[in-house]
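The same subunit A turns up in both complexes below, where it pairs with subunit B and then with subunit C.
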Partner chain A sequence: MFEHFAQFFFFLDLIAFIAVIGMHLVKSNTNIIRLYFLQSLSVGVLLFSVGLVEGEHSLLWIGVLTLVIKSIVAPIFFARLLRRFSAQQSANNYLSVPLTLFVLLLLVLFSYSNTFLPLGVLAPEALGSISLGLASVFMAIFLLINRRGAFSQMIGILALENAIVLLASFIGLEQPIALEVGIIFDIVIWIVIATAFISMMYRQFKSLDVSRLTHLRED
Partner chain B sequence: MNTLLFIFQLLIVPALSPLGIGFIRKVKARMQNRVGASVFQPYRDLWKLFQKDEVISEDASWIFRFSPYLIFAITILIGASIPVIAAVPVALDFLPSFSFLPAGDFLVIIYLFALMTFFLALSGMDTGSAFGGFGSSREMMVAALAEAGLLFSLLAVSVTAESGNVVAMVGNLQYLPLQALFPLLIAFLAFIIALLAENARFPVDNPATHLELTMIHEAMILEHSGKRLALMEWAAANKLLIFILLAVNLFFPWGVSLSYDSFSGLLVSTLLVVGKSAILLFGIAFLESTMAKFRIFRVPDLLLTSFVLGVIALAISITF
Partner chain C sequence: MLLTYLIATPFLAALFIALLPASRTRLIEKVIALACGIELGLGLLLIPHVLETGKVQASSLFAVDALGSFLMLIISLVGFFVSLYSIGYLRAEVAKGIIGPRRVRQYFILFELFLFAMYLAVGTVNPVVMWIAIEATTLATAFLISFYNKPSATEAAWKYLLLNSLGLLLGLLGTLMFLALPEEKSGMLSWNELLTLAPSMHPLAVKIAFIFVLVGYGTKIGLAPLHSWLPDAHSKAPSPISALLSGVLLNVAFFAVLRFKEVADGALLDTFTSQLLIFFGVFSIVVAALIIFIQKNYKRLLAYSSIEHMGILALGFGFGGIGIFGALLHMLYHALAKSLLFLLAGNIFLKYSTTKLKNISGVGKALPLSGVLFFGGFLMITGFPPFGIFTSKLLILSAGTGQFMVLVGVILFLLALVFFGFFTHVNRIFFGPLPEGMHPGEANLFTQVPVLLLAALIIVLSWHFPETLDTLIRAAASGFLQK
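On to the complex of A and B.
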């Protein structure tokens, strides 16, 4: 049963992968939110459809919950946040675009190299998806390192979390429903805390650029 | 019968290419709330140019006089060797060894285009006008950077299809499972960026202006007039149609007929190819209506993106 839908799952994996590449390239925060929406959508649809295919109710519920929280509530929340700070445009990299792309290339080649071949034992039929998921994880970590804006870094962590969920679902590491719901709840709390920090930072420094934090201010 | 198909294959691209340009202009006009000229206007423009007298600078060398013919001939050759509605190599009845098959190798196609760009740039510089010079220098910069993306996106297709010939690639890809074609989505993005750069389209060049700050392709053909200008314009239209056909037939190979025998099969394949090409042309027109041209120093970023996407697609399709 699973094999018939492998194509569809791989397609969703690919969409999430392209979304993470896009997050490195776009210049505006609004577009990063759109790409995050795309990535979350593919993760949610993937969990939901795996639940349908395998007939597991718990995965169905988690898929729906992921769709609602990550691809509807969070993007709307972020978009309102950006409008409040009018920070739609402040997304910069430390590295230039060519260097960023070069690093992305190296990360993809690394995750497709023999280093991670032992992981294939876990799910031999989905080796391509596992490599792609690993590449997404690495690229999301690099997004955290490379971005200047606090907001993009926040999206970077969420993208990393999405990539890990994707990778885990391909390897077949499903957790009991209580734990999965707990993780999603954690993410909601995490978004709220990060938003609070970003608001405080904006009030103090009038900017979301983390490289400005080196100059202390007193007033 | 084979001879007829041979002639059909030879003429189909130059016959339809002005229509592609006309379609893009019509869509752009509609998006700007204008009625716009008829989609057949480029044919009339070509006809008018062929009637006109020519002015050639007395400093022009043989390169200036010769290159329009060479450039046009190259587009005809490539147009004849790519699959249009059927992925079948054709040859003359009385001369079976004379076929366009060898020119259908994707490396040959890329380097024939490079030869075309080379002579275009040379003829731009030949008369010594300042416009031609900067047009050529910009064109060579864009061409050198776009080539990597073009090469690697087609290489990813070639590796997936296990063939180097575009005609065979289309046939082989149709037998692969859908899953094996997904990495080609990334290669398709790379190819589209290379397509826009190679054909002097937004966001690299503005095809509708003669403003010295922005023009690349138009600057090179500024000194041409009359019949030679008509050939240059026609060759540019052919090149765009060839890229469109490569994009729709290689990356979305479904529906391309694998023989010339069945009439209904050819009908379906014609409808599909026309439909897919129209969608892509509409996409280009939409892009040109909604985005601004890049600064020339941001163009390398875009073309490097194309290159890296091509290599990523290659890496995924090799290990797949």
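On to the complex of A and C.
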């Protein structure tokens, strides 16, 4: 049954992958939120679809929960935060766009390299999706490193979490709903705490640019 | 039921304090002292049960074996002393007008939630629940690190939140890979089930999964080069929290790596995980040894010392054999000695209102008790005989002498460097003139009694090691040796 929908699932994986690439290229924080919405949407739809295909009620609920929290509540929450601080345009990369693209290319090649071939045993039928998921993981980590904005870094963590959820669903790991809810609960609390810190940083530094965080250097 | 009570107590205490009005500071303090006292009692009571049956099971998700019980003891022991000290420390800060009653209540709620998350991480048999709990420790402590609301504290907390979350997400990826490796993939697999299924796992995939786990949880442990958050967070957090972070949290994260090491060793039947631990261990000791010399801040000095000791732990588990027993012993001694030093650093901060080494002198005269204990703590932590850390280091290094003779020589040289670097700083702040206008004296009774008791405990444990504790550590070590 799963095999019949393999192309659809791969398509969703591809959307999530493209969303992470987009996060590196867009200039405004508003567009990063849109791309995070897109990535979360593909994750939520994937979980929901797998739940439907496999008749797993728990996955259906997790899909719905993911859609509600990550695709609706979190983006609205973030958009309000940006409006409050008028920080819609503050995202910048350390590397130039061509260099960023070059690093992304290297990361994708690394994900498809023989190094990770042994992971094929996790789900031989979905090796392509696993490689694509790994590429999303590495690119999300690079987003954290390459962005100057605290807001983009926060989205980087959330994009990484989305990429890991996608990867887990492709390796066929089914978890009881209690554990999934536990992970989502952790992420929700993380979002609340991270936004509280972003507010504190804005109050104290008058900016969300992390390159201005230099107080620790005095020590 | 003991285990259930132990995990539930800090959560209930946090809930109860949250319901109390902030103005009832004295009642909050009593609740904290009582809760941590109960936790210590339960932690101690758990040991004979574990030794008798090998494992105490609370439910299908929660159980502890010898290693878990040992970690629970460390958490409850350090938690007890730190909670008592926190009462005195916060009283002094309130008296200085630095914080108000609301912040005191907030501190103790987060303090208990932090303990709860650590008990949960150690008390569960499920790797995903453990991940959730360790992530929860990050969330509970982020606001404790930024407790003073200063820009530098916010910066340190942001760095802590970001790097630890990144590390833990990689840890989650590794965890999920481990859970997906057996034929019957399930998120509900326990450590024991994973161990049983380990021989059927694909070796190369296990290696990749273990690397993700080690890099992920290694960030939380503070193993170099993943350590950059640690000195910042430890230096900016209130001193009692630094004591808990260094003395306990790093060990809890290490516990996670050890659990996966057991599974990976069962699958690989070679020295892959040990070699990785030795590599990270040596790297951590090198980084710490070099940076300790040029430190300008005494709390950062202690933080780099923690990185060094995590490196020593990694070496012990990497060398194997008697090194594992030594590493577990080291875990206990380091937890106690480092907590003591951070609590004493708190007393120094209360007196001098600075963490900069160049602004401090005459600690021995200004703080008659804390000064002497700080000097003693330095001797304990650097492994000066006859203190316990000397014994544990000796055991760890002797485990490596057969196979890694040259490496052991290098490590000995680095440990000597650490000693001299540490001594240079401690010597300068301990002796030297008393600053003008400063009157000798400690802040209050609660900042003295816990550190005195803790120092006494370390000395007693250095000379006389209780048989029950010895049996517990041997039982925990044998779990690794059987693999």
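Descriptive notes on the structure:
The rule is simple: the second predicted complex is superposed on the first by the 214 of 219 C-alpha atoms of A that agree within 3 Å, B and C clash if a C-alpha of one lies under 4 Å from a C-alpha of the other, contacts with A are read in each partner's own complex, and residues count from 1 in each chain.
To be clear about the criterion, contacts are C-beta pairs under 8 Å (C-beta built on N, C-alpha and C of every residue); 3 or more make two chains touch, one makes a residue touch a chain.
These numbers come from a predicted model, not from an experiment.
On the superposed subunit A, the positions of subunit B and subunit C stay apart, so the two partners fit side by side. Judged by the touch definition given at the top, the superposed model places A:Q204 against subunit C, while subunit B stays out of reach. Counting the residues of subunit A that each partner touches, subunit B and subunit C differ, and the larger count belongs to C. In the superposed pair of complexes, A:L35 makes contact with neither subunit B nor subunit C. Judged by the touch definition given at the top, the superposed model places A:L105 against subunit B, while subunit C stays out of reach. Contacts of A:A6 after superposition: subunit B is touched, whereas subunit C is not reached.
When both complexes are overlaid on chain A, the residue A:L167 reaches subunit C alone and has no touch with subunit B.
When the two complexes are overlaid on their common chain A, residue A:Q153 makes contact with subunit C while staying clear of subunit B. Measuring from the middle, so to speak, at the Cα centre of subunit A, the directions to subunit B and subunit C differ by 150 degrees in steps of 10. Put simply, the nearest alpha carbons of subunit B and subunit C end up 19 Å apart when the two models share chain A. No residue of subunit A is contacted both by subunit B in one complex and by subunit C in the other. Residues 126, 128-129, 131-132, 135-136, 139, 142-143, 146, 149-152, 154-159, 161-162, 165-166, 169, 172-173, 176-177, 179-181, 185-188, 202, 204-205, 207-208, 232, 235-236, 296-297, 300, 355-356 of subunit C are the ones that touch subunit A when the two sit in their complex. Across the complex, subunit C is touched by residues 115-116, 118-119, 121-123, 137, 141, 144, 150, 153-154, 157, 160-161, 164, 167-168, 171-176, 179, 182-183, 185-186, 189-190, 193-194, 196-197, 200-201, 204-205, 210, 213, 215-216, 218-219 of subunit A. Of all the residues in subunit B, the ones that touch subunit A in their complex are 177-179, 182-183, 185-186, 189, 300-301, 304-305, 307-309, 311-312, 315-316, 319-320. Against subunit B, in their complex, subunit A makes its touches with residues 6-7, 10-11, 14, 18, 21, 25, 96-98, 101-102, 104-105, 108-109, 112, 128, 131-132.
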